[in-house]
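A short worksheet on the structure shown next.
Chains: A, B, C, D, E and F, in written order; residue numbering restarts at 1 for each.
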Amino acid sequence: MVSPTAFFLSMAQSDTRNPQHSFTEMNELVLPNDTNTLNNLMGGKLLHWMDICAAIAAQKHSNRIVVTASVDSVSFKETIRLGDVVTLSAYVTRSFNTSMEVFIEVHAQNIPTGEKIKSNEAYYTFVALDSRNRPVKVPTIEPQTDLENEKFAGALRRRQIRLILAGKMKPEDAQELKNLFV
Amino acid sequence: MVSPTAFFLSMAQSDTRNPQHSFTEMNELVLPNDTNTLNNLMGGKLLHWMDICAAIAAQKHSNRIVVTASVDSVSFKETIRLGDVVTLSAYVTRSFNTSMEVFIEVHAQNIPTGEKIKSNEAYYTFVALDSRNRPVKVPTIEPQTDLENEKFAGALRRRQIRLILAGKMKPEDAQELKNLFV
Amino acid sequence: MVSPTAFFLSMAQSDTRNPQHSFTEMNELVLPNDTNTLNNLMGGKLLHWMDICAAIAAQKHSNRIVVTASVDSVSFKETIRLGDVVTLSAYVTRSFNTSMEVFIEVHAQNIPTGEKIKSNEAYYTFVALDSRNRPVKVPTIEPQTDLENEKFAGALRRRQIRLILAGKMKPEDAQELKNLFV
Amino acid sequence: MVSPTAFFLSMAQSDTRNPQHSFTEMNELVLPNDTNTLNNLMGGKLLHWMDICAAIAAQKHSNRIVVTASVDSVSFKETIRLGDVVTLSAYVTRSFNTSMEVFIEVHAQNIPTGEKIKSNEAYYTFVALDSRNRPVKVPTIEPQTDLENEKFAGALRRRQIRLILAGKMKPEDAQELKNLFV
Amino acid sequence: MVSPTAFFLSMAQSDTRNPQHSFTEMNELVLPNDTNTLNNLMGGKLLHWMDICAAIAAQKHSNRIVVTASVDSVSFKETIRLGDVVTLSAYVTRSFNTSMEVFIEVHAQNIPTGEKIKSNEAYYTFVALDSRNRPVKVPTIEPQTDLENEKFAGALRRRQIRLILAGKMKPEDAQELKNLFV
Amino acid sequence: MVSPTAFFLSMAQSDTRNPQHSFTEMNELVLPNDTNTLNNLMGGKLLHWMDICAAIAAQKHSNRIVVTASVDSVSFKETIRLGDVVTLSAYVTRSFNTSMEVFIEVHAQNIPTGEKIKSNEAYYTFVALDSRNRPVKVPTIEPQTDLENEKFAGALRRRQIRLILAGKMKPEDAQELKNLFV
């Protein structure tokens, strides 16, 4: 027989996970069809890879099928070239009931020179679905390192921006954001 | 012989284009590989299509090969399903020296029911390159309709947000944005 | 209560559609895998795009899943090159009980020069299917413009050719065609 | 030293080839992305496979890179299903200076039942190109079997139809065709 | 009425097939995405094509869906280049209850020079599955030619190697293999 | 001035790398086109992913474009299903002048159950090429851990098997292998 205490502990364990649990790395070779006629990787292809890598992280965290809810703004400062190796790494920074924020970093390496650059970073959010396509609760995040704590805290502020941009929150109600501008 | 005035006019004409000149529409069928195991279109695939459609619009405007410079935040509120027809339409809203902002709208239609929904909208920016991969000047935009004028005016504010997010402008210097929050 | 007249009108409306209702445009970038080693677009890839664009038009007209029944002869007079933007536009010209004829035009644009050529046109026919894979009746077409009327009239003659080529009609019974040759 | 006679013979040999020399077979599995949501193979995908198979046959005959010049009308009478094995076989029936006509047959086999049907046949024509994209002369065809002789003879009539359809010949000048209709 | 003998014979017939019955040929063009940046075909792409060709052969033999059980070692001695035509041919050499060994040969042809080389050969094994994903008995092989007899006999030895490599047989129990080394 | 000793050291450093330096991880989602009609991942697709992952590891080790020289036998004991996350990890175990042996492990995770299995392991070998497609010397490996030392030692024995299988070494000359069987 399972005692009430044991049951409580087991629930607590299954409801909370480390960011590291969802860590996911992908490596991709830039092939001809991924580039424009000047041999530069097209941004849309990279956004596609980032979505797959981030979605796998969110699936590892939640053990659920996930759908993309939003992507925050992404800028492409560095040129990635045909034949480069693109390394993507992602982990869940925080969860909000049925949704998860995933942080993702992208590096690109030129093989003959060995030079490796950081090309991008971005935040994707996902919603977990059950087998009937309905949103379902996901485990919470317990950050372990300084960086994970910083990402965890910042997730609230980034969520306010998303709610404002989606028209679901008034700018004047977003106190943390107001501090940025005044 | 070409008079100075005539020459100036011809330059002005070649340097300026209507948003409509770059208007680009794409239709895509959602195929099995574009979906997750619940038969929902994956967000990354849609971001990829949006990038291609927007890039074609930017190429039509500039007659140059273009690379994606940034994508503003995108939210995915509606579920798009296997077999749906996805219609993307894009046009250049404003250009800034060597870069262009492109507005893109996405609709999805369920064929058996005929129901059509607006699923997304987004702003992508592109940089035009010459044959040696160097940024090159593009024609300016002359908006014609009320909506085009509104997009043209808003492009300045969206650019301030991008510069702040990219760490190239201080929030307190973005006067238009400050007005939103205070 | 619905009067017989009202009922008749509502049926007529739902049974008839303009060609414009099915108008579908696709834009595609010619990527390396679409070309042979001389960097020319392969004909089969274009036939594939044409089929998808035409099928979407037929689906918009009928609100049904469709399958290709035939493609009339297509000639490829113009070379389309790597990096070109290919624009396909299609609409239903006429329907015959469970099948539809779709007219499709293809243009190709070279981005750096801005030169745009018409590369092809073709007629595809599709059959509409219900959810059990059985042919199902589709709305009729009511042409609006001169061009649409011409396409509508010609559809009968093209159908005779298809029936002859498929061995379902004797050449001597195709009066309209006989007039072409004698 | 090579005698004039020997030289003439060697030229004749290199200028003439059997249809069998170009015979090409392809087998393809129908995968989910090749089908519509009713699990039927899309016609455009099959046209794409047919073009690749026929192009390989034309390349084997000419030892040149080839581009598709035209495809004669194709009808799709049989439904091909997800998981079927599609077998395509093609060979050059006749060449005309720089172009070649290729005959192609398609069969589809259902694996669990073993049932095999002939689903299509078609004629594609190709032009051979040299390394500067210019049309170049190809070997002639010497048919060996009764069927090959029949295809060889019919190629002239089919070419007249193509020239008429392309607006390069008047119907009343195509004597062979006139006999069909009167 | 069917006599017992006749019944036995009919069973025997349906349980046995020639290697030739499963013979499968595929032709593929090497496209840009199949190559590395030096324009050489990537080995993994070729292993993928070999698996599809061999799987089709196993499906033709068994009239069942099949899954790959193993691939024996494959070496890539010859360089295959962008634009080459790759010809794969496969047939079942022997079956073992629910599994089949398939022999596959690969040739590559350079179109402009006409030069054709044998690039690889390999043995793949497959297991036949019924509609519930369970292994199911397949027909036996009756070799007809000297080569087919040699492949049939060698299949036993190759199976011993696979069982040893998979840790399911002790090397000292594989008498045929011991003879090779002592 | 650089002393002979310092020079020797610097050469040694640039010529030697840890296995960990080449460590490469890939995560892939099993999509519909990767599976047969029973929703099982096709072996050829997995062999393709393994080749890409292993090739990236070999490229990281050598800073050269690489081509696959061989793959040792691979067995597929576990079924991988549609929607599973496949995790591949690879590193260089030993180099031989211009070639490298790469060890690769494959795990598959079912997202809803969280169950993770080891599905495969394999050894691929690659040859490094310079910009003219000629084999070129690569750095040697200095194993650091017990497992890396074991892989490094075993690489010699596996190489003997490859040479025998490729007909380049007589079985009776492979002393290490003989010990296995007698």
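In this section, a residue touches a chain if its C-beta (ideal position, glycine included) is under 8 Å from a C-beta of that chain, and two chains touch if they have at least 3 such contacts.
Just so it is clear, the structure is predicted and the values come from calculations on it, not from any experiment.
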Third chains touching both chain F and chain B: A, D
Pair joined by the larger number of C-beta contacts - C-E, E-F: E-F
Chain centre separation (chain B, chain C; CA means) in Å: 30
Cα-centroid distance, chain B relative to chain D, in whole angstrom: 43
Chain centre separation in whole Å, for chain F relative to chain A (CA means): 30
Multi-partner residues of chain F (each touching 2 or more other chains): 32-33, 36-37, 52, 55, 65, 83, 131
Pairwise chain contacts under the document criterion: A-B, A-C, A-E, A-F, B-C, B-D, B-F, C-D, C-E, D-E, D-F, E-F
Of all residues in chain B, those that touch chain D in their complex: 31-33, 82-83
Footprint of chain A on chain B - complex, ascending: 36-38, 40, 42-45, 47-52, 55, 65-77, 79, 124, 129, 131, 133, 161-162, 165-166, 171-172, 174, 177-178, 180-182
Interfacial residue positions of chain D with respect to chain E in the complex: 24-29, 52-53, 55-56, 59-60, 63-65, 83, 85, 109, 111-114, 131
For the chain A and chain C complex, residues of the former touching the latter: 32-33, 35-37
